[in-house]
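Take this structure, written in structure tokens, and hold onto it; I'll ask about it next.
A, B, C, D, E and F label the chains in the order they appear, each numbered from 1.
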Amino acid sequence: MKVRLVSSVHFSAAHRLHSESLDEDTNRRTFDKCNNPSAHGHTYALEVTVEGEIDPATGYVMDVAQLARVIRERVVEPLDRRHLNHDVDFLSGINPTAENIAAGIWARLQGRVAPARLARVVLNETEKNRVAYKGETP
Amino acid sequence: MKVRLVSSVHFSAAHRLHSESLDEDTNRRTFDKCNNPSAHGHTYALEVTVEGEIDPATGYVMDVAQLARVIRERVVEPLDRRHLNHDVDFLSGINPTAENIAAGIWARLQGRVAPARLARVVLNETEKNRVAYKGETP
Amino acid sequence: MKVRLVSSVHFSAAHRLHSESLDEDTNRRTFDKCNNPSAHGHTYALEVTVEGEIDPATGYVMDVAQLARVIRERVVEPLDRRHLNHDVDFLSGINPTAENIAAGIWARLQGRVAPARLARVVLNETEKNRVAYKGETP
Amino acid sequence: MKVRLVSSVHFSAAHRLHSESLDEDTNRRTFDKCNNPSAHGHTYALEVTVEGEIDPATGYVMDVAQLARVIRERVVEPLDRRHLNHDVDFLSGINPTAENIAAGIWARLQGRVAPARLARVVLNETEKNRVAYKGETP
Amino acid sequence: MKVRLVSSVHFSAAHRLHSESLDEDTNRRTFDKCNNPSAHGHTYALEVTVEGEIDPATGYVMDVAQLARVIRERVVEPLDRRHLNHDVDFLSGINPTAENIAAGIWARLQGRVAPARLARVVLNETEKNRVAYKGETP
Amino acid sequence: MKVRLVSSVHFSAAHRLHSESLDEDTNRRTFDKCNNPSAHGHTYALEVTVEGEIDPATGYVMDVAQLARVIRERVVEPLDRRHLNHDVDFLSGINPTAENIAAGIWARLQGRVAPARLARVVLNETEKNRVAYKGETP
């Protein structure tokens, strides 16, 4: 019996949308007020979904407290109360759009949620928009 | 890297559930108090999901502000503060159930969210029920 | 020990903002798209607060199931799936703004929540605005 | 046109995580404070998704009030204000993890939502974790 | 400048509504299914409000992390994953209605939130009802 | 009939908690990771409450669209997608704690919501904490 388990968490971070591959003017037109040089920020709500079989002995897909611990160590610790353009190794040189942050979070959790497998990362940036990433399409 | 992007919005509308293909009595039994002739209404919460590749230059699947603009022009403008049985061209002659409204919204957005593609429309009618539409199954 | 008890409920209704005391043009300018003649509607979220002493025998200010029953009979039954301009006796001749609906709901519940006393009525019209009414100031 | 319809409901129940297949010590280490012998509880938020074609006569996949009735009779009645380890026939002998409860709810609703088909059961245990079950993989 | 600071937290607990001062039959009629002998439970959402002057040096009424720590130690530790009728010293012999739990939580926090003062405790038992307690009226 | 009207809005901003009146070490101990030099940020949820008499002609305390316009011009425009330590005139030289931001927002709105009067400003910084400010106590 395959079941999905979702663990939700929040982190607060600053970012500036700005791409090295675009000139100043294109950056300004593309990212508008999110390109503001002195940065802005969000209280991000993150939902991590893993999938696996129910272990007949425990009734768990995996221990949700263990899942929460992995998310805290691998994602919340390096991101919470940080500036995503400056403070985060795994986002270094990457324009911190919600899409890119979600893909980065996926890479941080991939292979760390055994015996379950990572199924989806959802990142809510504001009450009006969020992104979902399910890994590379094979 | 395929990512989904979700934009959320609200609109407020009146409707009466009543089908031209059913007689008065069947309408009353089928739609119960939602068949009330003088109508009732909802604050609808709409979530539009698009899917696409992350553009390596911008880090965007598509500009979420652009997505919000399309939803506002194509969906919110014609529906907000309207009577769905009387005021809306694209719902004309259609019984405005959540299912039919969602399918109508899909048709309004289809082909308008390039470079992404429309993936899902979720329409929350009350805090207790919602519908999801993903287009015609090929 | 005085405690407040809050019971929450939803109802769905149509309304049109239009005042008999104002001319057509002023109605249009004042209520804008909410003045749309064929009406629109909302899923209203209502919170009713009562206040009283904890009964030492039961540990209740009042039975919350009894409070919910009173709200259902006195408020939800007459308002849910109705047109507030046409179908509701206690709003007859009243412009159904959130303010006026809240005051009308207060009058419907006043004196009906013994042994507690009615303390506040909060009416959420959309996710962006709500009103609160606490009765006439003595 | 295939559409999904989601009906949401809450129930409040006590449970203790404890597996007959594990010894006392492993139970304690695995379930930690959720293994507390005198039990704890949750206000569970349940979302049931069904899928089907829109009926061209009614505009419904199925009557959402009928879906809510089935959920109330088959799930809420036996679970609400109960102790999941002691009071519920269909969970008898099962460790009431969110995963197992969701699978049990699925079995209770399977084949009862015609003309739609059951598509997913989501069970929120706390504001931080939930599970989703879609039935046996064929 | 007096400001209120609110810290929110969740805990999960079992309880049975049953009063020693009432006979079995009155208990059953008063508390209905909440009187179920084997107990049920809730995911309680607690909001603690403190009030104080903004410290001109820090800009804080009080350190919200310190407030959260006090709530965790004084309230969440003794209540989370517990049976409120059996496991909690400060609720011993008290019928664990939301009203009584809120008053008990107030007593646990009273005098512990210096330099601010305790202003209100709000306890959400389900999505439909909550209580608020502000201490003894002088 | 006095009624309160609440308008809700979101803005996203970066900030660093750091007080000019405290030395580096005290800043670090007091504000911990919120003192991170490169800043972090939040999606702030702001609720502005005004109070007034219901105008018998309109049924409004004040036009909620007008209230929303004032909040947008006076608060959201200068704060959204900004760095609160660097970009905002009315917070210049002020440590941008939630308390100080709320007081600053109050000052921006004071006297601008006629014919109603400003009654309360609530600022949610994360899902776990918020502040409320009601103006100077006379």
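Operating definition for what follows: a residue touches a chain if its C-beta (ideal position, glycine included) is under 8 Å from a C-beta of that chain, and two chains touch if they have at least 3 such contacts.
Predicted model only: the values in this text are computed from it and were never measured.
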{"item": "Steps needed, at minimum, to go from chain C to chain F via contacts", "value": "1"}
{"item": "Given chain D and chain F, the chains that contact each of them", "value": "A, E"}
{"item": "Same vs different contact residues, chain A with chain D, by half of numbers used", "value": "different"}
{"item": "Distance between the centres, which are taken as Cα means, of chain F and chain E, whole angstrom", "value": "28"}
{"item": "Centre distance in Å when chain B and chain F are each reduced to the mean of their C-alpha atoms", "value": "34"}
{"item": "Where chain C touches two or more other chains at once, by residue number", "value": "127-128"}
{"item": "Every chain pair meeting the contact rule", "value": "A-B, A-D, A-F, B-C, B-D, C-E, C-F, D-E, E-F"}
{"item": "Residues on chain F engaged by chain E in the complex (per definition of touch)", "value": "17, 19, 21-22, 30, 32, 94-100, 102-103, 127-134, 136-137"}
{"item": "Contact footprint of chain F on chain A as seen in their complex", "value": "10, 12-15, 33-34, 36, 38-45, 80-83, 86-87, 125-128"}
{"item": "Residues of chain B defined as touching chain A within the complex", "value": "1-9, 49, 54, 56-61, 63-65, 68"}
